[in-house]
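The structure appears below as structure tokens.
Chain IDs A, B, C, D, E and F follow the sequence of writing; residue 1 opens each chain.
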Amino acid sequence: MMRYAILLMGAPYSSQAAHSALRFARAVAERGHRLEGVFFYHDGVHNAARLAAPPQDEPHLVDGWTALAADHGVPLQICIAAALRRGLLDEREAARHGKQGYSVAPPFELTGLGQLVDLGLRCDRLVTFGP
Amino acid sequence: MMRYAILLMGAPYSSQAAHSALRFARAVAERGHRLEGVFFYHDGVHNAARLAAPPQDEPHLVDGWTALAADHGVPLQICIAAALRRGLLDEREAARHGKQGYSVAPPFELTGLGQLVDLGLRCDRLVTFGP
Amino acid sequence: MANDKALGVDGDLLVILRHGPHGTSWLREGLDAALVAAAFGRRVTLLFMGEGVTALVPGQKSGPLGQKGTSPTLEMLEMYDIDTLLVETEALALFGLRADGLMLSAREVEAAELDELASTHSLVLTF
Amino acid sequence: MANDKALGVDGDLLVILRHGPHGTSWLREGLDAALVAAAFGRRVTLLFMGEGVTALVPGQKSGPLGQKGTSPTLEMLEMYDIDTLLVETEALALFGLRADGLMLSAREVEAAELDELASTHSLVLTF
Amino acid sequence: MLLHILNRSPATSEVYRQALAAMGPDDRLLLIEDGVQGALGALVDRFAALEGRLYAQEEDLVARGLEPLCDPSVALIDVEGFLTLTEEAQKTVSWF
Amino acid sequence: MLLHILNRSPATSEVYRQALAAMGPDDRLLLIEDGVQGALGALVDRFAALEGRLYAQEEDLVARGLEPLCDPSVALIDVEGFLTLTEEAQKTVSWF
């Protein structure tokens, strides 16, 4: 058993990075490793867009991440600085910025970049998926 | 006086495309040409994210587009297929997909790709800004 | 296919596809634009440049998560009367492909012909 | 700067910056990660590779819409005790730059040294 | 005469080859964004065939601190000049 | 031994050169996504220095119809094999 972390920096649909990362994440968890977290940075933050409505004959990546979190207790951490400028806010941040509505919901959580450093140094392996 | 259209396919902040397109759009309008529309496709649809909260010392691109529309009556058209899969829905589409909340608001309007073809053929110039 | 078939006239579109399937959404989004233009009655020329030639490799499949890829869309081109498919000769060579082994019939174009294409079509979209 | 200064030890980060300023957000986001790691007490080595060397060109300005760029952030590196800056010799040559003309002091590394860098740092992040 | 617009650096992307291949003998090429790296003395030889038809967006060079390194053969233009180039061309083709 | 992961095609991006430059003599390279184009017989010579240390994600080759064109020198692995490679390596470095 090893501790893994994943860093995802590609937006869903625009690039294959999210597909690759989700599939790799499942393989990690299913082999009995401990996936300590998936960190979403750069355009990867778009994976948390709760309003995403992909065509029904395409994989639904937001739902895929949500299922991963539910099945294996994997934290899904979104870089808050990268998210805010891209329009991804949870209820708390929306209130703080005076915006009506929100675009990020649990199990995705907005967090600082320090979490990425922590994950990367605490885990045995960090695997990055870029666009 | 010529008729111009702009096709923007880059997300704000991730690439410079949106900055370049907005600046070019203003130059077109200020020289007295008619800017018949800006069409947002691929990751360009993220320019319509109404919840975007960039740092205060950075240009606010969503506001910049909104000001362009107000000042010069420029239609801001978002490809609906590209937008839905990326989590960008107006109130009508959110209702149609059973989602609470919305991420796109006027002056941005969701529309079909046919509008891009129409703009491109109807205008004297179409200038594309890619990521 | 006659040589002049590829040259556009007023109102025609040239759609340049420079990406392969699955890796990004460029190919799908470029094809979608081409199909819409054709549905609106426009004549469309598709030019597969660079990595775009891999869009025409036969035997493509869905991705492992069920991503459907673009080959089903390519198979619909004929229904939309998009029958002018051009492939860059140099790109075929780069990938070790041959025009007669592609999933659809496409005409090779040499580098020297490319510049005419852009100037003879009313609208050029690059993806 | 001693040669072995660039080699990391347990808990050290290597942040590889491969993009220039203004064109994309990669450089900014990579620098942000480096600053956060340093603020958490980690020793950070920055490696400017390829186009990344243009991040160190002196005299950078804000963009025409007021985009502030990354050079103000680079000027803060010292405050965060990030003082191991490496630039790829080959990339300097490609852009016609010289190490002694950069906005910050940086040590040149040859291609042959690069592989040691990745293996001696605990964590490698590429941007 | 067409205006081709390139926003990627010839140092990192092969896209500039596609732009050159698609250009006619009178077409112009405008370097913008990271594409302005192609205006540097060390990289401008990629565009040697275009003598007199190569332009670069000055604001993008200035923001990057690259203006002093720019080759004198490249015509520097601001956004107004960019607009003028699009007026003078029959159409534009973007490479990214 | 490190595992380097490359997802860009050597036909269109220079990134593969960066990966090769950063690789140690025992490091392995895994081609994924559009990177699997580098496993084609026509392109694999870019990685000639890696003999025996070059891997490609089979699912990505299959989805693209490229498996029949793959060079026999490349080891094809599925996602389970990808995971095993990460287990065997001290750490991974991604190039994109």
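Here is the rule we go by: a contact is a pair of C-beta atoms (placed from the backbone, for glycine too) under 8 Å apart; a residue touches a chain by one contact, two chains touch by 3 or more.
Note that this is a predicted model, so its numbers are computed, not measured.
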item: Other chains in touch with both chain A and chain F; value: C, D
item: Chains linked by the largest number of contacting C-beta pairs; value: A-B
item: Chain located farthest away, centre of chain F as origin (C-alpha); value: B
item: Equivalent interface positions on chain E and chain F, same or different at half; value: same
item: Reference chain A; chain at largest CA-centroid distance; value: E
item: Centre-to-centre distance between chain E and chain B (centres being mean Cα positions), rounded to whole Å; value: 25
item: Whole-Å separation of chain centres (CA-atom averages), chain B against chain C; value: 26
item: Between chain E and chain F, centroid-to-centroid distance (C-alpha), Å; value: 34
item: Overlap residues in chain E, where contacts from two or more other chains coincide; value: 7, 11-12, 14-15, 33-34, 79, 91, 93-96
item: Multi-chain contact residues (two or more partners), chain A; value: 13-16, 23, 42, 58, 126, 128, 130-131
item: Shared-contact residues (touching 2 or more other chains) in chain D; value: 22-25, 50, 63-64, 67, 122-123, 126
item: Every chain pair in contact, whichever chains are involved; value: A-B, A-C, A-D, A-F, B-C, B-D, B-E, C-E, C-F, D-E, D-F, E-F
item: Residue ranges of chain F in contact with chain D within the complex; value: 2, 14-15, 18, 21-25, 27, 90-91, 93-96
item: Touching residues on chain E, where the partner in the complex is chain F; value: 11-15
item: Interface residues, chain A side, partner chain C - complex; value: 13-16, 19, 22-23, 57-59, 64, 131
item: Chain E - residues contacting chain D, complex; value: 7, 9, 11-12, 33-34, 37, 40-43, 59-60, 62-66, 68-69, 79
item: Complex contact set, residues of chain D against chain A; value: 11, 13, 25-26, 29, 32-33, 36-37, 39-40, 42, 122-123, 125-126
